[in-house]
Every structure is written in structure tokens, then in C-alpha cells.
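Shared chain: chain A. Partners: chain B in the first complex, chain C in the second.
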Partner chain A sequence: MLNFSKNFSQIPQLFKLVWNRKRSNALMVTELVAAFMVLFFVCLAVLHFALTYRLPLGYEYENVWNIQAYRKQSAEVESTAITRQSAQRLVSVLRGLPSVELASFVSTTPFSFSHRMTSFNRGEKYKTEISIVTNEFDKTMNLTLTQGRWFNASDDAYNGTTSTVKVVVINECAAATFFGKENPIGRDITYIPGEGIGKDLERTRYRVVGVISSFRKGSEFDQSGNFMFERTNILDTTSFLPSQILVKMKPGTAASYEEEMLKKLEQTAPNWSFQITTLAADREKKHKNLYFALIPGLTIAAFLLITVGLGLVGVVWQSVTRRMRELGVRRAFGATRQDIYFFVIGELVALTTFAVVFGLFLVAQVPLIPFYEVPTATYALSICAAVIGMYILTTLCALYPSRLAGTVQPSDALRYE
Partner chain B sequence: MTLQHAQTLTKAAVLELAGIEKIYRTDSLETVALANINISIQQGEFVSIMGPSGSGKSTLLNVLGLLDAPSKGVMRLHGMDVTKLKENAIAQVRNQEIGFIFQSFHLVNDLRVLDNVEIPLLYRKGLSGSERKQLALEAVQQVGLSSRTKHFPSQLSGGQQQRVAIARAIVGKPKLLLADEPTGNLDSAMGDEIMNILHTLNREHGTTIAMVTHDERLAAQTDRTIRIFDGQQVA
Partner chain C sequence: MLRNYLLLAWKVLLRRKFFTFISLVGISLTLATMLVVTAIIDYHANPPRPYTKQARMLFVKSVMGKSKDFTTINEPHYGFHDKYVRPLPGVEKFSIQTESTFITYPNGQKTTLTAKIVDGVFWEIFDFEFLEGAPFTEDDNQQRRMVAVVSEKTRQRYFGDASALGKSITLGSKTYRIVGVARDVASSLSVSGDVWYPVSIDLTPKDRTGVLDEGAGGFTSVILANNASDLPSIQAAFQAMLPTVKFASSNIEYMQAAAETNFGVQAQMFFGFDSEDKDYGKRDNATRLIALLMALTLGFMALPAINLVNVNVSRILERASEIGVRKAFGASSTALVGQFIVENLVLTIIGGAIGVLLAEAVLLWITSAGIFPNAVFHVNARVAVYALGMSAVFGLLSGVLPAWKMARLPIVQSLKGGINA
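Up next is the complex of A and B:
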């Protein structure tokens, strides 16, 4: 059993030894700093995704089907008014189906890979993701309104390209970005036309009518960014017609119902094509895409850490072998096996402390990296996890060599050449 | 039996060996390094151990210093049978009762003189850092190296390094000092210096010393000589 009061008296000498051997230890410290950095970035990625995953999405994706609806290229040319009527009929037919609760047009669906980022001006330029939806979207996705109201028929006055004012609902993140702690309801933000084209266009004002709690369109792994919903009326030929319909199905609807739904849609609009998926399937696809990117990265990191670990075992082992006489002297003067275990492990822990101090200096520069968007709490937690991880890693790496050092008899150690 | 209890049993004999044997065994070979060694070393004695190379002197010293366990026989330190002690208890006895001086000094090159001398005290319970430092300074002073406490071993002469090794051996105030050819790596002048220190420790501090040597001249300076030949005690 370790006698800690006795073992701890070796600590000042351990640090002296590490310091006095700084030249020969420099390479090992460099290796430890590299391991610390790898561990830090692994912790940062894992914690970032784990903590972000726990945040509310802001909507419900279960039992929501996603229909991609677009006119066939081979179809005869028809007037915009007829297209809009077809779109309206599609929604009406869907709503009439016994398994359907609600249906809404939307320009970009949750978990999709496409997004539309637009810059808005409110004193400063802020990028905001925007989605164009019909009135029923809030209920289809079960959004949580925290201030103001959702769109309704009274907003028709703001429809179309001719209107210089549009009504929007924003998420709380956007409300905080644009208005801070002020009440955003009834306030305007301005669209900044792109550089070059549209530079001379009159700036459109977006009037906030409501605020929803959160809307993380990407997936559970995406942070909550600025998000804005713009209203459209599909019968208004000057308004934008989204190409996707989200349908809230009644719970327990079988997947086989998709065929029946498709048949109905094709009967309603023969010139249109349809592709039906579920948001749950889209979510899975999005997650797989992330894992596809993450797994090789984590595998490389794990490989690097294993390599560093094996390297450390080798270096400590060599150090123990090289200093067998010193260990023999310590045994001769009363060190027990446990004292030697503690000494060998302690020396690597002392080296790790030097490496961690240097590593912390490097890690402190990470928030200065452009596009770095990790919350401070995650960053701080990652540092703590990396520090703890480093001490665990080095202790594990020193276990076997320390055992080797402890089992050598003092007389053998003193004779060691 | 506690160490304190054992210390009260036999005051006169510091060390008693009865029928000690040391046999090294491999799969196909059995080498008898020591056979039927019977020695008694009294409190305050300065004993030399002589014998040709390979006769078993160093093995005997290792056994005396509890660095190696005998294969057979009984060994008593202050009357306590140390052959029956567990490993950690043996380490404690070594720490408190025995000091070692090696032919090639065995100093830690990356530690300064004072830190080298302090080593035995690191393994002793109940000493604060300042107490350890004070004891180490006293030991260094005793060997006349007060001005070299911040030097590294490589910055010292062979004789000075051996003096540091002696300071390290006596810092814990052991009753028994075991020296394995302490002047073997030194010229005669430096060797004499070391012998003077050992004599002073023996006469003025009553430290019991067992010293392995090849040198008849040095052996003649000791109270008694134990001669070993082919692992056997011949005198």
C-alpha cells in the first residue's frame, strides 16, 4: 500500500530532477505537448457535439413526412396562376387524407443539406439563415412561440415582390443578435443586397411579428444560429413558391401509406413529380454524413494517442533501464517497491505538468482562430478533460515501466551495467 | 517483533550471522556464493572484509546490508531476526539502521550535492522538508564539503564525490555503515582522506563499520579482518 506522506516527500526532488534533466527531457515534453493538443481537440469535438446534442431542436420531426414537389421538365408550359392553383390543390388533397393532420410549404426543410444565408443590417451586418414557409408551418413542426404571433391571413398585405416590407418570425438567437434585450416585436431589420448585383436595389425591410424559442435546422449537432421565417402565400403569383411540403402525419401511420399518398398526389397534379421521405430518415442521413466526417478524424486522433502512449511507455522503460543504478541506490537507502512505483510514475507526471503548462498556453490561442464558434463553457470543459486525460494517459503509460523498476532487487540494480 | 523491541535484546552485537548461505540457482546451474558464514560484529567495531575477486565479499556485504536475502541461515540485527522480515520492513530497517558507501559512489548526477545527501531521508516518515535539509547540511559539514552543497557531482573530484557518498550514508544516523571498497576508485591520498573520515565516524560517533577492501594496508587500520575465500569464511 502506498504511504502517501512518505511518497509525497519525493515530489520536490522529482521536479528538481525533471528540471535538471531538461535537455534530455525536451523531446519527451514535446511529445507530451503534442498529445495534450490532440487530446484537447478530441475533447473539444466530443464535448461540443455531446453538449450541443442535448439542446432542444425547437421542433418535432417525428411523424413528419417530407414531400419534394416540382413540375416535370417534360410538362407543357403553363401559366404561373395555374401552377399556383395546382400547388394549392395539392395541399388541400393532403389535408383531406385521413392520416394527415397538417401540411405546409417550406423552402428548406430541417436536416436538409441546403441553406440560404442572408445578411441583414441592424447597426452591424449579421448573417441569418432564412426559410420561406406558409401559414401552417408552425403547427406542422410544433414550434414554440415565445413572443408576438405566428403568420396569419392579415399578413397578405406584405406579400409579393412589390412589397418593400415583409413580415418575419425570428428565433430567440436572432432576436438577441439584432435587438439585444429590447422587444423585437414590430421592429424592422434591413436586407443587405449582395455586392454588385442588387447593390442599387431599394433595401427591403423585414418586420418582426413573432419570436420562436429555437430552430436548429441542421440537426442536433448544429449550434443554434440566427434563423428567420418569411411568409409566403402560394396563391399570390408574385410570391415565392417553395418546392417542398412538410406533412404532419397522425401517429402510427405505416410507411406503406406513402404509396397511397403518392398515388393521390400524382392524380391531383399529373404534371408534377414527387419524392417522399420522412424527416426522421433525413435526420439519420444528416447524422451519417457527420459521422462519416467525424469517425476518420477520431480514428486518426486515437491512433495518434496510442502511438504517443506506446512511445511514452518505451521512453519511460528506457529511462528506467538507463537509471537502474539510481533506483538501486534509492532501494538501498530505504525506498520500497511502492516508493519506486511512485517515483517513476511521479517523474512522468512531473514532466506532464510541464507539458500541460506549455499546452495550456497554446490552447489559450485557440479562441483566436477564425470561425471558432465553440461556447466558452465547452472550451473550459475541454481543457479540464484534456488535462485530466493527460494525467490518466501518462500514469497508464508509466505503470508497466514503474512495475519493472520496482521488482528489480536492489543488489541487482546496483550491479546493473 | 518491533524494531524498538529488537533493539533492546542484544546491545553488544550489532550484527550476527549464523550458518548463512547464498546460492544462486539457474535451470541448469547452482552456484554457491556464500557457505556457512558465521560472523558477529560488535557495536562500535570497524571490521574489514578481505578476499580475492569473486570470493563472495560483495555478496556478503549485500547480505549484511539486507540488499540480498540469504538462501539459508539466520541473521540478526540488534538481536532481531531480519531474515523473517517482509520486504517493506526490510526497507525500513535499511533506511534507519544501515548506511551504504559504494566503490563507484553511485551519486545521482542530475542532483546537487545536498539533494543527493537528502535521498535516504526522503524514505523516512515524519520529517519535514526543512528538517531534511538541516540534517543533510550537518552530514555534508561532517565530511567537510559545506562549500560544495550546490555543486553537481560532475563538478567534484573523485574524493569529494566519495565524501558526498559518505554524507549520504550517514545522514540518517545509521548504527551500521557498510562500505564496498570505498577507496577503490581513488588515488592513495584521496583514499587516506576517506579512511580518515571513516575512522572519525567510528571513533567519535561510535558508528559500526564493515568495509570490503583489497588493500592490506587499509585492512590493517581496522579492528578486525574477516577473510573470505571461495564463499567460505577462512578467518
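Up next is the complex of A and C:
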């Protein structure tokens, strides 16, 4: 314990020992590299989801109910004007209910599995998710406006599919993507012409009237990507009619109220069919979907690491028993028990260092794989965690065999056959 | 000779119990993981009843429609299946289905019912087990009789333990008379549902003629062939039929689709739908998925295999003097390699057996926890054979290198026990 400096001066010698036996150590290093990669991906997954979870969602989902409202497949096609009138009636009936605070039509609800994406330019960076909403959406979801304004009745001028200018509110991520540090209010987002999109879309200009802080549609586990809200007025027959209604309920509304609400809706629009869920339930579903992939993956990774750990214990133990004589000689020449611990653990740590260096080289290739975008900080943190984890794992594995080696009596060891 | 090897192998395993334990933990955990995954995939690739005739079935699900402005991948309309798929040569039986969801409140409990809207032939292609009554017939379907079949679970929710026959069930604005109760099917299988009623009831004239751009979409179909060997010719006829499809509007230029086996459909769902996929419907997704699964299996096995190699190499060095003696008495390298590989195979097969038990326990837990509702998983004969094969591959993979190392040990040094290999 007292002469650690002596022990540390042995470090170069340890590396030399490992290097000299590189052929027989090659397989051990391969195993450790593979274990390092497993550990790295475990750390990456866990840290990524844990860190993302802590970021603000950008909206409130408590007490918001989600109504899917669509005309039945079997219903004979009714005129667009009639459809719009029943849509409008649905919203006014909902607002008239005593437990309802607000209701808004929306094309893509939070926690849903559907996407509506558009790409304004070449490259993943310019892909934007779009949701088409009515005026009340911001208050229904309690969005945080950071610049400009939310939609209002004056935007009716831009209504309809024929209008080449559409008013939009974007999140800060999209504002940074399209305008950098410049003020996005009043500016237009347009498509790059000649990219194979329709002629109508090519002419469309998306005019930014406001910026919200963030809108993580996926769930707490999804990163904040580009998001854009486009405004629609359901009474205008030429504009888009979303198929979902989000309803902000008064706090404390019982779940059993759903049945009553459904009856009201069916009476109001008999040619439509409805499904009611709560955003809280949708969120649960979305989370379960992630756990369904994550938990088996982590379990398998844990099995792999247990297997590797046990294997390491075996290999180190074996090498200790085989080298009893060498250790005995060391003891006879005055090496203390601590020196032996240090020596046995140190050898495995040296081996691990070789593996970690090689593993770091492999891990450096990971950002080149475009399958999932991970923030650089998370990536760096996972590398650190994996390196530390690797040393902890190997030290733990060498601990018991090193104790065994420490108990060797020089006289016994020298006789050992 | 082999008997001696086996005996020796057994003795060696008992001599170093800790090493045997480490090896067995590694092998059994690895194989158990693979077996659980395999058993779940096997269940979906070769599902139980009502998929008894699966070997003769082809499914037509999502199709890609290409228009000037955009591409959509959707389940097509009734008319496409009826007019173009039904008359294909080699089709013995043909059924068209769609589905819908209803929210009901039986006994005040909110219940989401998945309704499968099917024709009468559906019940001839899939042999559902009926607990009560019988399925509705094709005549019921043609005559638009308001009848329905409910699942065991739906009966439980609505009527408790009482019989459901002759009782009625209201879905949306329509009320149906229950004529049969079918045993529950695992909800991860595409045929599963909570209630079934005749497809004609909801069909409008426009739906009947619509192909892809008129009336309502969302229909799928099942083809039952006379023989499993007819499937390739039906698939070829299906591809030849596609260019002849006529659309209501001139907006749609052409469509791409495939009539696939059940496994092929699931493989396509696994790979996902990409509207920019130029080869949609033309790719052999089943083979692609199998290749991917095999690559993943090998990748997963690599680490435990290397681990076992390392443990084995250490164990051989420990036995250096034994090997020296055997060599000195004239044992050939081949004999030594053979002996060691047998030893390792014994170890992996014992590990495999423990793996099967572990896997069965995990599958029992998955079944009872209801992670896949109504599905009952087991290590069946097919999966067990696979386990045996995998154990053997694993044993060979991890045994060959150490055995070769062992056979090369120099005699003199091994006898002295001072190996530094």
C-alpha cells in the first residue's frame, strides 16, 4: 500500500509483458474489443434516452383528449360543404360541453405513430414535419411562443389550397435550420425548384409568422426535429380538413365521461365515426413501443457482458494457477501481497487498454453511420462511460483470482507442479 | 473409441467444476436467447390454427400506386381484388377482407373492438375453432344478412360465461345477430379480430368497382391454391395482370404489388414501406429477412464463441502434461483434435439442453405475461432441432482453434508442464 510509486513504475513493464505475448493475447483482445462495443452501444442507448427525456416537451398533454373523427368508408360521398358544416358543428358541440375548455382540429397529434414529412432541400437536415391545425391549437396544447404571433382570423387571407402563400409557425429548431441566427418572422420557406416535386408545391411559399420553443411530437424520448404548423380554416371548403380533434378537458373530468361525449358526437354527425383516447394513454402506448425494443436489447447485452465477465474470471484464474511458480519467485524476492494483486489486475488492465484503443478506433466510425442522429455530447459521454465501465468490469473480474494469487506462499509455489 | 472420448469428456467436466460452470452459463444464456427469438419468429412464420392451410395461401395487401405528382402505398379497393385477383388461374378459393375499429361500452366498460369484415369464403380458407354455433356463409354475405361471429374474449366481455348465440351486438349504428363464437387467436397474427361480419353490408356500388382511386380502400385478399406448388405460377400470373389494371382517373400511371406468402407479408412489414422504393412488390422479402436474421444470429454468437475459445485455450494449457503423456505414447494429432472437439461438443450440447429449459421458462413467462396477447409459445420440435444444430455449430466454432493449439503443443515442454504458448 505504501509503495504505490514502485507499482506504478511497473506499468511500462506490464504493457511490455502483454505485448510480448501478443499472439496468444490476440483472442483475448478481440473478446474485450467486442465487449467494449457492446458496452458502448448500451451506454449510448441509455444515456441518449435518459438525457433526451429531461428536455422540455414544448406542450402539455394532461387533460387533453384525442378524438379521431372521420367520415365512414361506407358513407356515400356527401358534398364538401356539408362535411365542413358538420365538422364545424362538432367543434361547437364540443365547446358547449361543460367539461370542455377548448377544441382544435389537428392532422398529426402528439405521441402518434404517423408522420407527415416534407423536404425543402436536399439533405436530411431540411426534412420538416408538418401538422395542419386550426386557430385554437396553441391554447389547447399550451405552446410557448418565443417570437412573433400565433395564427388569428387575419390569416384567412391565405386560406385554401389555391393560395400560393401559407402562413406557418415553426419551432426554434426549424428556425435555426432555415434562417440561422436571423429573425425568421415574415420570411418565407420555399422548395428548391426542379427536385421532382409537383408544380403547385414548387410555387408555394411558407410565410413564418411565429416561432414556438419546441414541439417534440414523438414523445419525451424523441429529439426535437424541425416542426412546422400550417393553419387551416375548416369552414373554407378549399382548405384541408384534418381528421383529429384535440380537446382540452377541465381538470378532474372522469374517464367515464368519454361514453357521454361519444354519444353527443355520434348524434351530431351520424355519418362519421369516432374514437376517443387521451393523450396520456397515447403517450403510454408510445413509451411501451420503445420499451418493447429497448428492454430485450438491454437484457441480451447484459447476458453478453455476464458471459464475458465469467469467461475473464476463468481465464485470469487459469493464468494465475499456471504461473504459481513465477508468482512464488516474485514473492520470494520480496514482492508484497499488494504487489501481486497489482500485478495480476494490472496485466488484465493493460490488455483492456489495448482493447479500448482498438475499440475507440471502431467507435470513431459510428458517426459515419447515418442511421440515427445522436448529439455529439451524448456520444462523447457514452465513450467515456464505456471506457470507465470496461476498466471496472475487467478489474472486478481479476479481483478474485488476484486474491488467490496473493495467498501464494513462496515455499508452496516453488514446489508447485 | 468414441465411448472413451465421451467418458473422458465427462471426467474432465467434473474435474474443473468452475470452468464447466463458466462455459455452461455462457453457452446456455447464448442459446436460450436465440431460442426465445427463434420460437417467437417461428410462431409467426408457421402460425397454428386457423392457418392450417398456410402452405397453399397467398396474400395481397398493400399496393403502390404511382401518379404524376405522388406515390402512395395503401391497401387497394374492393374492385381491384374482385375484378383482377379473383380470376387469376390456379386460384381455388378467394376471400376479400377489410377491417374497422369500434369503441363500445358493454356493461359500462370501455372496449375497443377490432372488426374483421369478411366474406363467407374466409371461413373456408381459415379453419377457426368454433366454441359455439358456426360461421356465417357466403350466402349470408351475398344477402347482406346482419349476422356476426364474435371471439371468445368478446363473448366474455359482453355476456360473461353465458352463451352468445342469437344475442345481438351493436357496432356503430348497426346491430348484428351473433351466429358463432370463435376461439381467440394471437392478436399479433393478422387474421385475429374481436368480431367478424359480412363485407357486403358496408359495400357501396362505387366500392365494388373502385380499384385504387374511387370508393373506399383498405381491402386485402387471400388466395388459396390447389397445391402449394401452384404458388409460383399464381405469383407470375399476378405480376402479368398488373399492367392490365384500368384506373378510373387518368391520374394514376401504374401500380406495383405482390401476392406474397404469410412470411413474405410479415417480412415486408418488417422492412417497412417506402414510397420511393422503385422495386416495391418485386423483391423477395422473405429471403432478405432470413438472410438478415442469419447475419444477426452469427453476429450475436461471435462474442460468446470467442469467449468460449479463450476459456478453452486456458483449459488446454492446464492439461499440457496430460497431452504430453498421450503424445509420448504415440497419440496422433488427429486423435487429440478429435478428442478435444468431442469434449467441447459434449459441453455445448449440455449447455444447449440447459438453454432449451431456460428458453422454455422464458417463453412460458412471455406467454403468461401477455406480451403477445393470446399467443402460446413453446420450444417445439422445429425449434429444438434448430437448437441442436446451433449448439453443434457453436461447439465446432469454439472447439476447433483450441484443439489445433493443443495438438501442436511440443511434447518435451508439455511433459515438464512449462508451456508458454
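By definition in this document, the second predicted complex is superposed on the first by the 391 of 417 C-alpha atoms of A that agree within 3 Å, B and C clash if a C-alpha of one lies under 4 Å from a C-alpha of the other, contacts with A are read in each partner's own complex, and residues count from 1 in each chain.
Following the convention adopted for this analysis, a residue touches a chain if its C-beta (ideal position, glycine included) is under 8 Å from a C-beta of that chain, and two chains touch if they have at least 3 such contacts.
In this text the structure is predicted, and so the values were computed from the model without any measurement.
Legend: residue contacts after superposition of the two complexes on their common chain; A:314 is shown touching chain C, with no touch to chain B. Contacts of A:146 after superposition: neither chain B nor chain C is touched. Looking at the shared chain after the overlay, A:10 reaches chain B, while chain C stays out of its contact range.
Residue contacts after overlaying the shared chain place A:331 against chain B, while chain C stays out of touching range.
Contacts of A:27 after superposition on the shared chain: chain C is touched, whereas chain B is not.
When both complexes are overlaid on chain A, the residue A:273 reaches chain C alone and has no touch with chain B. By the touch criterion defined above, A:339 lies against chain B but remains apart from chain C after alignment on the C-alpha atoms of chain A. By the touch criterion defined above, A:238 reaches neither chain B nor chain C.
The larger set of touched chain A residues comes from C, when the choice is between chain B and chain C.
With the contact threshold set out at the top, residues 21 of chain A are in contact with chain B in one structure and with chain C in the other.
Considering their complex, residues 62, 65, 67-68, 87-88, 91-92, 94-96, 100, 102, 106, 108, 110-112, 115, 118-127, 129, 132, 152, 168, 172 of chain B touch chain A. The residues of chain C lying in touch with chain A in their complex are 18-19, 22-23, 25-26, 29-30, 33, 68-70, 98, 100-103, 105, 108, 110, 112, 172-173, 202-204, 206-207, 216, 218, 300, 302-304, 306-311, 313-315, 317-318, 371, 401, 417, 419-421. Across the complex, chain A meets chain C through its residues 21, 24, 27-28, 30-31, 34-35, 38, 72-74, 76-77, 198, 255-256, 258-259, 262, 266, 270, 273-276, 292, 300, 303-304, 306-308, 310-311, 313-315, 317-319, 321-322, 417. Here chain A touches chain B in the complex through residues 3, 5-6, 9-10, 12-13, 16-17, 20-21, 325-326, 328-339, 409-411, 414, going by the rule given at the top.
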